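First the structure, then my questions, so here it is.
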Amino acid sequence: MFDVYEKLKELGLQLPKVPAKGGVYRPSVRFGENLVYISGCGMSCDKPVNGVFGREFKKEEGIEFTKSAMLNVLAVLEAEIGDLNKVKQPVKILTFVASDNKFYDQPYVANGGSQLLVDLFGEDLAPSRSAIGVNVLPGNIPVEIEGIFEIKE
Amino acid sequence: MFDVYEKLKELGLQLPKVPAKGGVYRPSVRFGENLVYISGCGMSCDKPVNGVFGREFKKEEGIEFTKSAMLNVLAVLEAEIGDLNKVKQPVKILTFVASDNKFYDQPYVANGGSQLLVDLFGEDLAPSRSAIGVNVLPGNIPVEIEGIFEIKE
Amino acid sequence: MFDVYEKLKELGLQLPKVPAKGGVYRPSVRFGENLVYISGCGMSCDKPVNGVFGREFKKEEGIEFTKSAMLNVLAVLEAEIGDLNKVKQPVKILTFVASDNKFYDQPYVANGGSQLLVDLFGEDLAPSRSAIGVNVLPGNIPVEIEGIFEIKE
């Protein structure tokens, strides 16, 4: 029996404030019996971080980017369900990686986000995932993650 | 208590015919208890509208494009469930915006579609959403929207 | 009453081994009452197949690519549920097609994957689908397919 917030503390992390919305949508939607969809989140940053992998960024930098984006996903999820210890499992994440035509390491970049979920919820509860390259993301951000989580009854 | 079809009328809109399928798939699939997945829809148009934002199109034009695509999504949904008043909530939309490498306003473009859902179902029932840029879409169309909806019991 | 494995045999196909994971994730996640999410799968190949449509590949080649990727999806699904005859319906697939800016035939390419589902489960159980172009995919593979399936009680 573990506590997600203690795990976060052990990792030296804390949830950011829920990110500002960038359009007409709900950051999260609860549906079905116990499912929550989280709208696509970018990373948090004090100053703008813009560009694509293979030009402005190397894959190694991406680990922190997707970790930060996943923390935003979790902040939105907490706002929806009140307590991250209610998470039964991460179901699926879709990680978009802004990429030059010659950048092929989207999975490496995406690992920063899914590893955080594994660190918090355990290896057995890793999410399913797709990681894809796109030529450009909103506001020229380098990564965006959306996800579905299942909540305990 | 509101009626979706009266709202459509107030907005001066009407549902288009269900768009022709562009391949081997079902336009909609009902699954789980009360969920419906709608296959990716483009916009309706009398003559071909082709190109990408940042080259052929400005962001302002995109509002009408995603509104039209969302009307197609709703036409498919109506064909599946018989009556749009049975919608409990829009759950999630994924809006693909064909974009030049320097076009960063995908959320602005996507708002045309999600605003229509808000106008019809209410602010509280806005969908969750991701809006992403892609370099090209089928048939060189500028936008494509897929969605999940939850239906009342 | 049909048997999926006999259909595979009739088609001269067999399920490949479950593909190696390319990162931190679960290949499949069972969730909700009877749903399974399958992580994005590429095609199987003896030697590397790399490139994008409109440059390295013609649309006709894509049919075999997405058919192979769908066989991988089904191999992962079988590993999760034990027997493909337990499939109630394919719910949704999302087919990413690595595309040059001037390649517009993503649906044609995607048909190779969805046609296989139709051949195995029947026309009435075709999946819902989106097919999109992206500038690049992990490892420079030409196609990637993720999917949701509903399982019989």
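Per-chain numbering from 1; labels A, B and C assigned in written order.
Definition applied: contacts are C-beta pairs under 8 Å (C-beta built on N, C-alpha and C of every residue); 3 or more make two chains touch, one makes a residue touch a chain.
Everything quoted here is computed from the prediction, not taken from an experiment.
Quick one: how far do you have to rotate chain B to sit on chain C, C-alpha fit, nearest 5 degrees?
C-alpha superposition angle, chain B on chain C: 120 degrees.
Regarding the chain A and chain C pair, does the interface count as same (over half of residue numbers shared) or different (under half shared)?
Mostly different residues form this interface, as fewer than half of the numbers used are common to both chains.
When the centre of a chain is set as the mean of its C-alpha atoms, what distance in Å lies between chain A and chain C?
Inter-chain centre distance comes to 24 Å.
Going by the touch rule set out above, which residues of chain C reach two or more other chains?
Within chain C, the residues that touch at least two other chains are 32-33, 94, 134-135.
Which residues of chain A touch chain B once you look at their complex with the stated criterion?
Counting only chain A, the residues touching chain B are 22-29, 31-33, 37-40, 52, 94, 96, 134-140, 144, 146.
List the residues on chain B that touch chain A in their complex, please.
For this pair, the touching residues of chain B are 32-35, 89, 91-94, 99-108, 110-111, 114-115, 118, 126-135, 148, 150.
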